[in-house]
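Presented below are the structures under discussion, each in the form of structure tokens.
First subunit A sits with subunit B, and in the next complex the same chain sits with subunit C.
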Partner chain A sequence: MDKNLNVWLDNLLQEIEGIKFRRKSTRRVRIDVAMDALPTLLELLQGRASYVHLSAITCVDWPDDGEFELVYHVWSYETQSLVSAHTRIPRDPGVYLSIYDLYEPAAFFERDIHEMFGVFFEGSPDMEKFILTEWDGPPPMRKEFDSEAFVNQQFEWQPYHPDWLKELEEEGGGVTTRPEDIRW
Partner chain B sequence: MRPENYQAVNHPPSNEYELNFGPNHPGIEGNYAFKVKLNGDRVLEARADGGYLHRGFEKLMEGRLWIQNIALVPRICVPDPVPMEVCYALAIEELCGLEVPERAQWIRVMQLEMSRVAAHLFAFGGHAATTGMYTPMFWGIADRDLILDRFEELTGGRVYHIYNIPGGVRRDLPEGYLGRLSGLLDYLESRLPDYDNLFFTNQVFVRRARDVGTMTQAQALKWGVTGPNLRATGLALDVRRDDPYLVYGRLEFDVPTEAGGDALARNLVRRSELQQSIHILRQVIDRLPEIDGPIRCPIPNPLAWNVPAGEAYTRVESSKGELAYYVVSTGGGKPYRVHVRGPSSMHAVQVLERLAVGSRLEDIAQIMFSLDACPPEVDR
Partner chain C sequence: MKDIKKIEIIQRPPPPEPARRTNPLARVFDELVRFCQSRSMFMLHYCTGCGAIELPPAMTSRFDMERLGIQPMVTPRQADILLVTGYVSVKTLKRIILTYEQMPSPKYVIGICSCTVNGGMYWQSYATAKVLKDYIPVDVYIAGCMPRPEAVISGLRALMEDIRTGRGDAWKKYYQNYDFYLGNQQRLFGEKWQTPTDVIAEAHHYGMMTDQTLGEHTDLLEQNEVPLDALRTRLKARTE
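Moving on, here comes the complex of A and B:
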């Protein structure tokens, strides 16, 4: 396995400039790559190094840097290792290329990221809303969206009268299994 | 509607119509919906419509302490909660560089397999119900309840255990626990022939499920299918074996496969996995008494715990397939970002939409249950 990994890493380094890779453990590799080079990198990983399974695409919001970090986790059934390809795209306008042509599962993750972070993926088959169908506010997973402030604004706090809880506590607590009820 | 209130509508000359399938439907696991386009009872197009179980876990977790999130994660997938806890705990352990004591690792494997058995009993019970056989469903759920009893004794909770904390588990096994678990396994094993007679070899089920929702090996790989659904196309791929975590590398077990790729094959794989899980649990029962030691490693004060900056991607084989957590820390007391990759986010959306095309309306529920698609995992 280790031998295979080294071979394709060498090949990669020759073909793409400005690529940084770090071996985190025997089965985990982190690659940092510029946003222009990421589709090429994934194409190489899939075509030459058998990374055929797209495990997930994660978006991480870094508002202080004005960037979104996109992480593509691809798994190889042959070398049994996972490559996490990290790239950063500008937060504004937040547009990137879809990798649906390479990995079909990308459609779900790209749709999810579009909905939750507002990143638009050009060429993705479906950018319709899926989860937040009736939501017209800002993308909620962005760091500037404060869910507590939203709740305070949307709902009124109710006083809490745990009388039923007092009664339960007087009887000796919640539901417990008696030893004689245990069948084995 | 009363006949006098009926007003004829002029339809365009077509046999096609659209139907809303769900979100409250007995043939669907959890609240989930489809917009189905039909010609007669033949499905022309299906579109998944989720979000009915969206609780915003990923956002909630960013606002809570590392340790508080242990109470949130099992709720992401109701029928199979243990892999969620373990996967999240593994990620924090990787970030902190914690060494989990061996005894805790074995206890975790025990729970993972118990949870797998419970989830599989639930899954084929549900599938039986969609084909009109309610007895296997009642049996499956009744037997699952016996596993929940053991969970209750171990953790205090039947469904949400909140038991696997970073660094180990919350408390040790009760006195005589493994003996009672062994008795339960004997009972479950004695039930397998009954399940075969009633369900897995029953022609009512076999003829109904054969060639329904069939996918080829190439399609399964292309669509990102994992877990029992992938193994039903003949590929022996399992995270437990390919990317071992905890003590799975030291356990003996087979990765069962079937060749069919249809709803029948997927259920037969789950049936074989029941046996394999029981086999693993027996090994745990044999080995666990010999392993002494602490059940968790020393951890900092959980209420003032700053996890070192970094990121971790951990994978676990849940009963539905590959479950993964991507956790990012910036060195604070709360996670910066947690991403949950549930196996059903593939199965319940893209795979189901494709498999449903060309099938019949009454088979949609069957396909969904045969994929063991879990909507709370998709919506998160």
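Moving on, here comes the complex of A and C:
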């Protein structure tokens, strides 16, 4: 029965025009879908094919294409398989529909993506700060955010050979493996 | 590890002799107090980052920290040692400073893992503070990623030795150089940063005011100081 469900779903999804369907293994399916069709697809998967568990929403930044890629991972306990629905939204203005009405846990993932990538989800219950409560810079997971430059500007560094280390070295401690001795 | 005495301790020269006191027994008494202090320490059970995973074996029967007189304690108000075990994100650093200021003096800070020394493997991260001793004074660093329980115990032995010989006085630096520490804190947390503890009043109380205690940063603190209310908990009921 379980295997039949998978076959039916495969057949059905292959019939739909405009989406790219690829079964990667017995338990994984990848679907590429246009941004305006994704909520419908998820509704179909949830309501008709028992994909009731939203595992995660991930976001990938493609600055060269000017797009964000959103990946919705949904899992079915009946067919024991995971569908990853990929969609691409334009980077500017970076606004998309929330799927909170379909999957309630989406609120957390959307809030997280909003914080890390700056994508705004319309209809999501809370777009406040989530983890980075002390942060008021640009969304840090965007590719154009240069973490190293920010760190160099924001923080002081520990000198490599401070005075207190010299004291320790006189007593026989200190750096035992120098950078030139490290075997890479 | 059967015999404590076999754990090697780095011997350091004793601190300079203090000026002669009137009471001839004072120094004897001080030494006794310091000896007792070094043999009975409560370690705050507050852990950050990943180095905390080395503490359960160090505390429990395998390496048994308690034979050194060190016990975990659940509240900062009754603790002597603050262990910072691993990367310090900016968010955590706020809590560490709040915790540190609540601890009664004398208090000791041990920075475990490379991350507290120079950022470690998170040196490039936008979210972690790199050098812990810029924000609070640190007594002992235990480097390594992560240090084994033997190293932790050896670091604690070094701290005990420092306390016994009267060298473990990093906590005084916080009062003596409060302006420096506060300046670094303000740089990360913004100008409005303040804590419930009145450090300047405590510095007065302990008689540790120096010309480094007050400065431009403490002026800024006094300008922006607002009375603190109890923290509010926000529970948002979902509207169907």
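Keep in mind that, in the parts below, the second predicted complex is superposed on the first by the 143 of 184 C-alpha atoms of A that agree within 3 Å, B and C clash if a C-alpha of one lies under 4 Å from a C-alpha of the other, contacts with A are read in each partner's own complex, and residues count from 1 in each chain.
Note that in this section a residue touches a chain if its C-beta (ideal position, glycine included) is under 8 Å from a C-beta of that chain, and two chains touch if they have at least 3 such contacts.
As the structure is a prediction and not an experimental result, all values here were calculated from the model.
**Student:** With the two complexes superposed on chain A, say which partner A:Ala56 touches: subunit B (first), subunit C (second), both, or neither.
**Tutor:** first
**Student:** Is A:Phe150 touching anything from subunit B or subunit C once the two structures are fitted on A? First, second, both or neither.
**Tutor:** In the superposition, A:Phe150 touches subunit C alone.
**Student:** Once the structures are superposed on A, label A:Leu132 by its partner contacts, choosing first (subunit B), second (subunit C), both or neither.
**Tutor:** A:Leu132 contacts both subunit B and subunit C.
**Student:** Looking at the overlay, what does A:Arg28 touch: subunit B (first), subunit C (second), both, or neither?
**Tutor:** First partner only, subunit B.
**Student:** See if subunit A has more residues touched by subunit B or by subunit C, and give me that chain.
**Tutor:** Touching more of subunit A: B.
**Student:** Would you check which partner chain A:Pro140 touches, where first means subunit B only, second means subunit C only, and both and neither mean what they say?
**Tutor:** both
**Student:** Taking the superposition as given, does A:Gln158 touch the first partner, subunit B, the second, subunit C, both, or neither?
**Tutor:** After superposition on chain A, A:Gln158 lies in contact with subunit C alone.
**Student:** Could you pull out which residues of subunit A sit against subunit B in one structure and against subunit C in the other?
**Tutor:** 132-133, 140, 145, 147-148
**Student:** For the complex, give me every residue of subunit A touching subunit B.
**Tutor:** Subunit A residues touching subunit B: 27-28, 52-56, 58, 60-61, 71, 73, 77, 80, 82, 84, 103-105, 107-109, 112, 116, 130-133, 140-141, 145, 147-148, 177, 182-184.
**Student:** Which residues of subunit B touch subunit A in their complex?
**Tutor:** 48-51, 54, 56, 58-60, 63, 146, 149, 152-153, 179-180, 183-184, 187, 221-224, 226, 237, 242-243, 311, 313, 315, 322, 324, 326, 328, 336-337, 339, 341, 345-346, 349-350, 379
**Student:** Mind pulling up the subunit C residues that touch subunit A in the complex?
**Tutor:** Where subunit C meets subunit A, its residues are 10-12, 90-91, 94, 117-119, 123-127, 129-131, 134, 184, 188-189, 236, 238.
**Student:** Which of the residues in subunit A end up touching subunit C in this complex?
**Tutor:** 125-126, 132-135, 137, 140, 145, 147-148, 150-151, 154-158, 168, 171-173
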